[in-house]
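Before we start, here is the structure in question, set down as C-alpha cells.
Each chain gets a letter, A, B, C and D, in the order it is written, and its residues are counted from 1.
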Amino acid sequence: MSAATANHTPTEMMTIAAARALRNEDVCFVGIGAPSAACNLARLTHAPNITLIYESGTIATRPTVLPLSIGDGELCDTALTTVSVPEMFRYWLQGGRISVGFLGGAQIDRFANLNTTVVGAYDAPKVRLPGGGGAPEIASNCQEIFIIMAQSKRAFVDRLDFITSMGHGRTGVERRAMGIKTKGPTRLITDMAIYAPDPETCEMSVVSIHPGISRSQIEDSLGWPVRYAAEVVETPSPTHDELEVLRDMQARTRQAHQQS
Amino acid sequence: MSAATANHTPTEMMTIAAARALRNEDVCFVGIGAPSAACNLARLTHAPNITLIYESGTIATRPTVLPLSIGDGELCDTALTTVSVPEMFRYWLQGGRISVGFLGGAQIDRFANLNTTVVGAYDAPKVRLPGGGGAPEIASNCQEIFIIMAQSKRAFVDRLDFITSMGHGRTGVERRAMGIKTKGPTRLITDMAIYAPDPETCEMSVVSIHPGISRSQIEDSLGWPVRYAAEVVETPSPTHDELEVLRDMQARTRQAHQQS
Amino acid sequence: MAEFMSLRDAVAHCIGDGDRVAMEGFTHLIPHAAGHEVIRQQRKHLTLVRMTPDIIYDQLIGMGCADKLVFSWGGNPGVGSLHRFRDAIENKWPQPLDIEEHSHAAMANAYEAGAANLPFAMMRGYLGADLSLVNPNIRSVTCPFTGEVLAAMPAIRPDVAVIHALRADREGNVLLEGITGVQKEAVLASKRAIVTVEEVVDTFGPTNRNAVILPSWTITAVCVVPGGAHPSYAQGYYSRDNSFYIAWDAISRDRDSFLAWMTRHVLEQGPEAFAVHARPAKASKLS
Amino acid sequence: MAEFMSLRDAVAHCIGDGDRVAMEGFTHLIPHAAGHEVIRQQRKHLTLVRMTPDIIYDQLIGMGCADKLVFSWGGNPGVGSLHRFRDAIENKWPQPLDIEEHSHAAMANAYEAGAANLPFAMMRGYLGADLSLVNPNIRSVTCPFTGEVLAAMPAIRPDVAVIHALRADREGNVLLEGITGVQKEAVLASKRAIVTVEEVVDTFGPTNRNAVILPSWTITAVCVVPGGAHPSYAQGYYSRDNSFYIAWDAISRDRDSFLAWMTRHVLEQGPEAFAVHARPAKASKLS
C-alpha cells in the first residue's frame, strides 16, 4: 500500500470505501454502476480472488473494463462460465451461494429499505423508475447486503413511497420478525460516510466519516435525523494505489464505451 | 421396399411391426431394449428424420449401435445436443414436446397399465423389479404411448399387483375420468399381434395378427380373455430390407457390447 | 419443423394484433430487427412480455404497438430512464399502457415454469417487497411438507416468442452461446417462435456436447438477419454498441426527435439495414 | 474453496456413519472409485440417494453400508436385476434395507429443488400411479391461479454429494461434459461435495462459454482418480465397459461369489487400481 492522498473526489472515496468492505473469499452478486466499480476495484486491489457474479449469468467474471450493461460481452468472455438467467436466480442466488449482494437504488430510508420503482402513487406515479429487477430477491437471499449511494435529500428520504427491496423493514423490526435468516444490509457506503445497522433498532448509523466531511454536511443531505454509532472513526483516505487503479479502470471504461 | 420374407423370428416381427408404427415427424422418448431397437430401426428405414430422445438427456441422437444403457457414450456422441436430466424431464417430457413415448414392462393388463415395480405385496415383495424410472411421467406426458412386449401368461396378467404407470386405468375409465389430455397407450405390439384400445372400453384389442400366428396361440399366452377388433388384418411380413437393416444393427451391437 | 422465411413473412405469419409476445434477449442477442419489423407491420394491442424492456420495447411502446407490458426492469441499461416507457406510464402517450410488474427472479421462474408446462412458478421471494401489494398475480403456495410459504406467480405462456441467435444449420436447428438469458425458456414456453440468426451454416462443427441448441421442431420460423441484434450484440460476431445506448437517451427524450428517428431508421428501412452491423467484433473471440 | 486431497482423506473427511449420501452419475461418470473407498472405510447406516442405483449401489448395499435407499430405478442397465439390491429387499441380506421410491421425474425435480434451495418440488406426475399410495413423501400442491393439483415431493438435500468429473483446473474448478445427469444439482443441493476427476489441467482451454463447470467454492474435495468411473465411462477418456455390466450379473447373483469379488477387487485394492481403465477410448472423440 502506498501513502494516503487527499486528492480525490467524494465519489472516488465512496467507491474505494465500498471496495474495502469486500473480502477475497466473497462471492459477490454485482449490480451495475457504482457496485460494479467497487467490486472490480476490490478484485484489482486487495481481493484478487473475489468471485463476481452478474445476474446475466456470468460466474467468476474478470472484466478489464467496467460493463455498461449487466450483460456486456466482456463479462461473458472473462467468466469461468455463463449460465441461463433462470439458473442464476434459482441455483446461485436463491441457492444461498452468494455471500454479498451489492445494491444501489434511487431512494433509501433509515432502515436501508430501497425504492427503485415509483415516486408518488404506484398507479399514478410522479416518476416511474425502472423497477426492482433482481433487487427484491438479492435483498433476501444473499448472506449480507452492501449498499452504495451518494447522499442527497431526494435520495435519502424519511419515508419511501414504495419498498422495492426490503432492508430491515418499514420500522426496522419487520425483517427479523419474518424470520429471514440472512443478515440484510450490514453496510451503507455513501460519498460522505459508512453506516451500519444499530444492533438494537437496525437503524443505519454512521460508523465512519470520510476525511474532510463534517457531521453537519452529513445531516444536511439526509431526510431523517441521523444517528451515530457509539464509536465513529474516520475513513482512511484513498491510497495512491487505490486511486490509480480506480482511475485507470474508469479511463479504460470510458474509452471502450465511446467505441461503437 | 424389397419382397416380403417368412424367414424371421417372432421377436424380429415384433420389432419391425413396432418400427412401422413410427412416423418420420415423430419426436420419440425411447426406452432401452426393445423400444430402442424399434425406434432405431424406424430411423434406419422409413423414418430417417425421426427425433429420438433418451431420458439421459440426449436429443436427436443417431446411434450406429444400439445402446446397452440409456446413456451410452454413443448416444451423446451422435446427438444434436445433450441436456441435464432435470431439464429433460421438465422442459422436454413434461413440456409436452414428445409425440410418442415408447415403453416396455415386466407385466401388463388388458387396459395397458404396466407394472415394473413388484410382484406380490409392495412391503414384502415376491419379486422386486427395478421400479418405474421415467415410465410414470412418460405415460402421462407424451401425446401417445406405444408399448412393446413379448406375450406370456406371466407378463400379460389379469390383474397387476402394482400399477407403475397408468395406461387407461384399472378398469379402463380412470384415465379419461382424470381429464388427462394425452391419449395414453394407442398401440401394443407383441411378438404375436398388434393391439389398439377399444374406442368404447379402452381395452386393448387385437387389430392385426402377425403372419403364421393363430388366434388360439394368442389366447393361450394371455391372462385374460382376449378381444378382437371388428376388423382384424394380418400384419405384413417383414421385408428383406427391414430384416437386413435390423440384423445388421443387432450384429454391430453385439460386437460393440463384447468389447470392454 | 422450422421454416426458413423472410423476417417480413415470419412476422406476418406468426404475430397477430392482440397477441402476447415475448421478445427476449438478456442484454445479449436482443432481436431488434424483428422488433422493427413488428413496428413496420403496425401490430396493435400487443401484450409485450420481457424481463428488461430496454430500447427495443421503448420503440414498440412509443410507436403505439402495445396495450400492456409484463416486465421486471424498465431502463436503458447503464444509461438511465426509458423515456418512451415513462411517457406512456406517466402521460399515457401515445396511448395508455397497462403494466404487470414482477421481479427478475419471478419472471425467470415464470418463463422456466412455462417451458416446463407448469401452471405456476414458486420461489423464495418478494419478502417484505411492496410489489406483492400491487400485483394480484403475486400469490403464495404452502409447502406440503414444511409449511413454509413461498411466493407464486403464473407461468408465462406467450403466443409468440421472438429471439435472435448466432446461427442455424440447414435443418433449422439453432445455436446460442454466451449470455443465453431466458431465450430457450421463452421459445419452449410459447405457442410459436421466430428466431432471427446471424448466418446459416452447413453444420455447427465441433461444439461442446452440452451446447445450447434449440431443435428445429421447437421453432416456427428461422430468418437470416445478419446484424439483427444491433445495438445489442452477437457474441463472436459484433460487440454491444454502447455508444448507441448512450445516444438513445437524447433521441428518445423528446417525442418529435423519437418519431423522426423511427421514421428514418425503422419505417423507411427493412431488415437488410442491419447487415452493416454484422462485422466481426474486435473485442470478442470467435467461438 | 475445494481442497485437493487423496480420495482416502476426502471420504474420511466428508462422509460419516449415518450420513445421507448421493453418489450420482446418470450412466456416464458414475463415481465407482469413491464408492469403493466408502466400502473400504466401512461406513455404516448410510442413507443412499441415487436415481439409478446400479452396480455401485449394489456393491454398497451388499457390503452392508446402507440402512436406506432413496431411488427411482434399481436395475443393471440393459442387463437385468441388481441381485444384491433384490437380496436386501426380498431377504434382508446382509441387513434390512428401507426404501423410499420415486419416479425419475420426481427425483430429478427434487434434486433441482434442492439446488434451488426450495423445500419441495412439484410436477405434473404420478397420475394414476400406485407409488403415491405407498410413499408418504408423495403429496400434492394446488396451483393458486388455476386450481390444478400437482404432485409434490420434498427437495433432496444430502449431507454429501459424490460425483466423478472429467477434469479440474488448478483452482479446483471442475468441468463436466456429455451426459451430465443430475450431478450439478446433487453438488449444489448438498452440504459437502467430493469430486473425483480424470486429471488436473492448467486451464480448461477454449471451452464453450456455457460449459458445465462447477466453481471451486461449491466443492469440498477434489481427488484425482484416473479411471475412477469404471465400469461407467468418462466421455473422451474411456468408453462404458458394457461387458463388465454383463459380467456383473453372474458375479453378484451369488452371495459368496459377490463377497469373493469384493474382497479381491475392492477391499484389497486402493483408488489407484482404477488407473488401468483410464486409457483413451477408441469409440469416443476427445473433447
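Here are a few things to note about the model shown:
FYI, contacts are C-beta pairs under 8 Å (C-beta built on N, C-alpha and C of every residue); 3 or more make two chains touch, one makes a residue touch a chain.
All values derive from a computational prediction rather than experimental measurement.
Inter-chain spacing, taken between the CA centroids of chain A and chain C, is 28 Å.
Each chain gets one centre point, the mean of its Cα atoms, and the points for chain B and chain C are 40 Å apart.
For chain C, the set of residues touching two or more other chains reads 112, 117-118, 123-124, 178, 180, 184-185, 207, 209-212, 235, 285.
Shared interface positions of chain B, i.e. residues touching 2 or more other chains, are given as 76-77, 82, 90, 94. Taken together, the touching pairs give a contact graph of some other shape, not a line, ring, star or complete one.
In this structure, the chains touch in the following pairs: A-C, A-D, B-C, B-D, C-D. Touching chain C in their complex are the following residues of chain D: 117-120, 122-124, 137, 139-146, 148, 150, 152, 154, 177-178, 180, 206-212, 235, 287.
Of all the residues in chain C, the ones that touch chain B in their complex are 1, 112, 115-118, 173, 184-185, 188, 207, 209-213, 215, 217-218. Against chain B, in their complex, chain D makes its touches with residues 26-28, 51-52, 71-75, 77-79, 81-82, 85-86, 89-90, 101, 103-105, 108-109, 111-112, 123-131, 134, 178-182, 184-185, 212, 233, 235, 239-246, 281, 283-285. Residues 25, 27, 51, 59-60, 76-77, 79-83, 90-91, 94-97, 141 of chain A are the ones that touch chain D when the two sit in their complex. On chain A, the positions that touch chain C within their shared complex are 32-33, 55-58, 67-77, 82, 84-86, 88-90, 93-94, 113, 117, 122-123, 125-128, 130-137, 139-141, 162-166, 169, 174-175, 178, 180, 256-260.
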